[in-house]
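What follows is a pair of complexes built around subunit A, which joins subunit B in one and subunit C in the other.
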Partner chain A sequence: MATKYLVTNAPYLRSADHGRSTHTVMRDLLIGLSPVILFAIFKNVIMVFIKGTYVSVLQAIYPLITLIVGPLTSALIEMLCLFIMKRKEITKFSDLLEEVKNGFGFFPGLFIVLISPVYINMWVLIVSIAVGEVVGKMLFGGFGQNIFNPAIIGRAFMAFSFSNLIGVSCFDPSMNSYLNAYEASVVDAVAGATPLIRYSTLTDVSYVGAVEPFGNLLDFFLGTIPGCLGETSFLACLIGCIYLSVRKVIDYKVPLIYVSVVFLNTLVAGLFMGQGIWYPTFQILSGGLMFGAVYMATEPVTSPKTNLGRAMNAMMLGVLTVLFRLVGNNPEGVATAIVTMNIFGLVINRYVVRVRVDGKLDKNEIPGLVIFLSIFVLIFIYNIIMIV
Partner chain B sequence: MKIRRLPVLHIEGYKEQSITTAPKEFLKPEHVYIPTLLPSPMDVKVEVGDHVLLGEVIMESRGRFPYPVLSPISGTVTGKVKKWYPSNKMSDMLEITNDFKEETVDTFKNLDPENMTREELVEIMKKSGLVGQGGAGFPAYVKYSTTEKVDMVIINLAECEPFITCDYTCVLYNAQLFIYGFRYLLKAADCNQGIIAIKNKDINAKVIDYLTPLLDSNMRIELLEDVYPAGWERYTVETISHKTYKALPIEAGVIVSNASTCYSFARMLKEGIPPTVKYLTITGDAVKNSGNVLAKIGSPILEIVELFGGLKEGHNPENTHIIAGGPMTGKSMFFPDFITTQTLGAVIFLENKNKDKKQLECLGCGRCAERCPSFLTPVEIKKELAVGNIEELKKLNVTKCIQCGLCSFVCPSRIDLTYSVGKAKEMVLRLGRK
Partner chain C sequence: MTKKENFLKGFIKENPLFVLLLGTCPALAITTSLENAFGMGIAFIFVLVMSNTIISLINSFKKLKELIQPVRIAVYIVIIASLVTIVEMIMQAYLPDLYNSLGVFISLITVNCIVLGRAEAYASQNTVSDSVIDGISMGLGYTLALIIISLIREFLGNGTITIWGDLQINLQGVFEFLHITPISFFTSSAGAFMVLGIVLAIMQAIKNSKDAKEKEAKKQEKEVK
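Moving on, here comes the complex of A and B:
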């Protein structure tokens, strides 16, 4: 009998074979992260060397070490988990490597390093990455199955479990881990290392109290302020955002809506408090908002799958961030908001799927939309009342 | 009225390779094979040993809209054999051996369409067993015997799948006959507005130039965007008539016919030959030459491929698809010894260099939902199918799927979404019938 020809399911053309595979998406994500990584290295390693204020070379290059150790740790842990989970299917070491390659295991570690303090204790970092990777990703079944963003799970674990260690430099217990060696020599007089930590301790909101200790708003925009390793530069995140949007890796509408909602909400609250335009600008430029909006809120696995769903998710993220950050007085507002919306995103996803049928709103879906909008407006107004 | 915009995508055409040479002819096959079980079970009217004329009714389909199947050649019924049908299924087939006399039945001779009434035109369409040659194979007379008022007849010349150029060739080399047929299709629909829908792309400029001077005053050419699936009936009707419809285009006062159908109709009226031939594109990496061929229905593909120099030596069957139909919606075949039908437009021998690449987990990018022209969410449907949740599948409107293949096409993780949605659709339809 003649040889059978190859039979598979239609279609026989796949864009994945022509430069749009998941691997290229992930490579683009890495390229999109590079402005942030390069800026982090520039600010925390090169600047420190230039100013020469470091105690030891190890301290100066410590951010570089974490940037290497973090991704490696998470990839190794993923390999271990995959080996345990799939040991019946995996017979050769190359199979395991293939699985790891298809699981993109180094990303959670990289993200956790970028949203951690500059001089974080190495063991705290490794344990957090392990928890994020195992609890946030592998327990759900690995890549594509996770409900929560694994990086934020790891970071949240770090914040809750090592709250006394997280703010302390691993080189000098008297120093703050958020300040690099150069910043520590300049801004040590400031109470509260990062703008948001300082802001959360302020009793009286004013430009002089919130912004001036760290320079001006341009410094906030460029990122030459203390903060987590990769989060400080709005500009670097913006460049990454543009690249990723052009390459269609992320939906630009998500960061746009997210940041706009935070801006609007704090603008109205600020106006009631008699603050100028600096107040909402300060809020969107500080902390991990832009980083979270560009790289975490858009993470496809944990976002809704439809355009409307993503837009709803981003709107909710905006008001929740304000709620947690300003009303709840928690500098980690962005991370908390994203984890919260990972859960409610499922609800939105489930429900918007049906909104999309026929491309128009179904009558049955209107009550749900109304509920969503009322919750949104309620939180928006509640935020304003509570802040004022 | 502002119309919603259906999500579509530009797809590379790969059409140039099959239109560089004039179409060949394959009108004298030794044997033809007519399936008795597919696409639907048939009542066979002839016995083995009978002599049949070209155009003699040899089978009648059962079902809601019965249509006759005519013999494409004159000759003798020599047996029943099993052969492959272009849906990758085996079917019993009648083998007819050619006597090369081309004796034709009288039914279609000396027709005078100018003096025929609408009813007579539809009647002759029914007798000829003409089915829509775009792919669905719906009997043409059913559309034209409507009692609704028909606002426009659209000839679908979009040919939106990559590689296929059979409709293009058919119209390019038979422009006058095509317009002649269109004139009487309009008469059969009692309609005064005829539209030829064609994609706005460079290679189509030639066809448009040929057709423009030939058009009657009640015909015009409408350009469609160069996107996939522009040839989908709903897309064509909604972009041209600016009306939406639920199930059939006639609800919007539109009849859509494929260009090849129109050509077959014209040949019957002018030359007295019932629809027994079809233009076919043979192309792909594994065949020596690419091109189009006018072939008798029921001819074996292997003999047609010989006209194009046969298959390349050294091609590896395990890495090659034989696609019956377009690369987006067609079926891949186990063996190349299948036959042509009225609805088969192309056979593509496509090498697949990526067959070993694994499907990854869903990344959740949502591209499948973004691109679905029926506004479905394939990824959710796949999940619900895995747990067999029929109620949820119904809510997700799986029956609206048109199997265009875009969701699998855009998926960066190579997930077979189209297949899953198709399965889900089948499942819901099957339970609905019970």
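Moving on, here comes the complex of A and C:
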């Protein structure tokens, strides 16, 4: 039975989708992203104008410029790659444009902008987008054939190669790029750039040390804390998640399982440390967890295709995020976890297909599930031991 | 195969690094500067030519060939290891800086897949003169590959190109002109993997397009006939 399963390129549409195409999916994705983008503009441009703490107008509207430049760069590079590689019969410019539109060409750039610091150097951004687009997507053969999420490849490249530039504002080298002009004048310089970077430098964990410099947990939920351009607001991601789930662009179970595994794991660790409920809440509200869970872990091309596979993927993402973020002392835990699980996407798909074809677990499929669960439990327990 | 074809095959058609994918470990580790690539290449050509010569000589005697047949890999390794030791000692005596920067990778030429692979696959079955040409060709091809990778990596990672010792071309002006800094990622081993992968992809793309053209030309010839 399993040999008759024919795999073509992702993403897949079901017959129940009634005439939807990648165009409608793209439109839905843009609408789903709009709360995040609008909140980013509100927080980093409009608030800065209202408070009037900006040095120059350029600085105030810089996030807007990056939001325009990012997608354009990504689309241009994709066009260039398509033109050089000549994968399809492309004769006119409109063909090229159509191909980029079909291939979600604008999105890697947009995502990289949203998960980058507010005042990132423009050339750093452009080089990262180019690397993400070329290495993460076009070298694999373009849309539908990439193994890794191109946006996260670009972001990881940025984090690893420009570690000395990424935290520095491009307007004033003495300022932090994660803080917008308004926050820079308010947040105590000692507090550290973002909640997670500050948390990673704390010697003993306490509500006063981790949360209070940035306000209270409601601020974390709304997103009025320093951080990357688009990923600070849990609420905006939640609205996007609900819209996309209703439109069936993403599977709501993935973010749900992902976030709840992180919550559970840090809850147990926090209880052992004698921390209250604030500790797991702080962990799921800070950083790019919700953004990654909603917009990146559910990416149609690189994530598993079936319910069981998605659940396995999301569970592993949860424990790996805690592992990289808290044990590995790496604030980019979400991105690293998603890239790591992308590697295993094919394995999970292959395994799940066997189970799915038969409709029930038989003897041959149990070892795979046992191995998966034991790895999951091992990392879960290891996390708790190491954090405590 | 003529002698000329035998000599030219190592550069592109059967390039040890880009086509046969042998010897990638030192290629990823030492290509941080052009000087290293040169040094490694020279040491490598010496070892490869000498080992090919000796091994094809041994195999040209029928009785000796039969005698060592069961333990030939061990014999080859002993021969290669002694050659590598010679190179290592000479380099340590006369080029101490290069010796220090190449480090353990000189000794590791002993177990490099190319040297042993050529001994087993080519030198043991061909005449001495052919084996010498094969060694030179493969060595030069490997050096060329190392030079290409190290040029890209050193330029993007450091903004310089070190030809030999103090003789260094400083291209940081290019980066300053563009108001950017060199990307240190390319000096790390992950950058080496990426550069190697991209060069491989480009080589493969060129090869594919050539093949397609040849096929079309053959089709047209058939139609004409």
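The rule we apply is simple: the second predicted complex is superposed on the first by the 365 of 388 C-alpha atoms of A that agree within 3 Å, B and C clash if a C-alpha of one lies under 4 Å from a C-alpha of the other, contacts with A are read in each partner's own complex, and residues count from 1 in each chain.
Note that a contact is a pair of C-beta atoms (placed from the backbone, for glycine too) under 8 Å apart; a residue touches a chain by one contact, two chains touch by 3 or more.
For clarity, every value in this text was computed on a predicted model and none was experimentally measured.
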Exercise. In the superposed arrangement, which partner chain does A:85 touch: subunit B (first), subunit C (second), both, or neither?
Worked result: second
For this session: Based on the superposed arrangement, let me know which partner A:161 touches: subunit B (first), subunit C (second), both, or neither?
Result: second
Problem set entry | subunit A: partner with more touched residues, subunit B or subunit C | B
Problem set entry | First, second, both or neither for A:107, with subunit B first and subunit C second | neither
Exercise. Now for A:263: first (subunit B), second (subunit C), both, or neither, which partner does it touch?
Worked result: neither
Exercise. Now for A:143: first (subunit B), second (subunit C), both, or neither, which partner does it touch?
Worked result: first
Exercise. Touching A:135 in the superposition: subunit B (first), subunit C (second), both, neither?
Worked result: second
Seminar exercise, completed: Interface with subunit A, subunit B side, in the complex: residues 4, 6, 11-12, 88, 162, 317-323, 327-336, 348, 350, 352-355, 357-358, 360-366, 369-370, 375-377, 379-380, 395-397, 400, 403, 405, 408-414, 416, 418-419
For this session: Would you mind writing out the residues of subunit A in touch with subunit B in their complex?
Result: 2-18, 20-22, 24-25, 98, 102, 142-145, 300-307, 310, 349, 353-354, 356-360
For this session: Name, in rising order, each residue of subunit C that touches subunit A in their complex.
Result: 178-181, 183-186, 188, 190-191, 194, 197-198, 201, 205
Problem set entry | Residues of subunit A that touch subunit C when the two form their complex | 85, 123, 127, 135, 139, 157, 160-162, 165
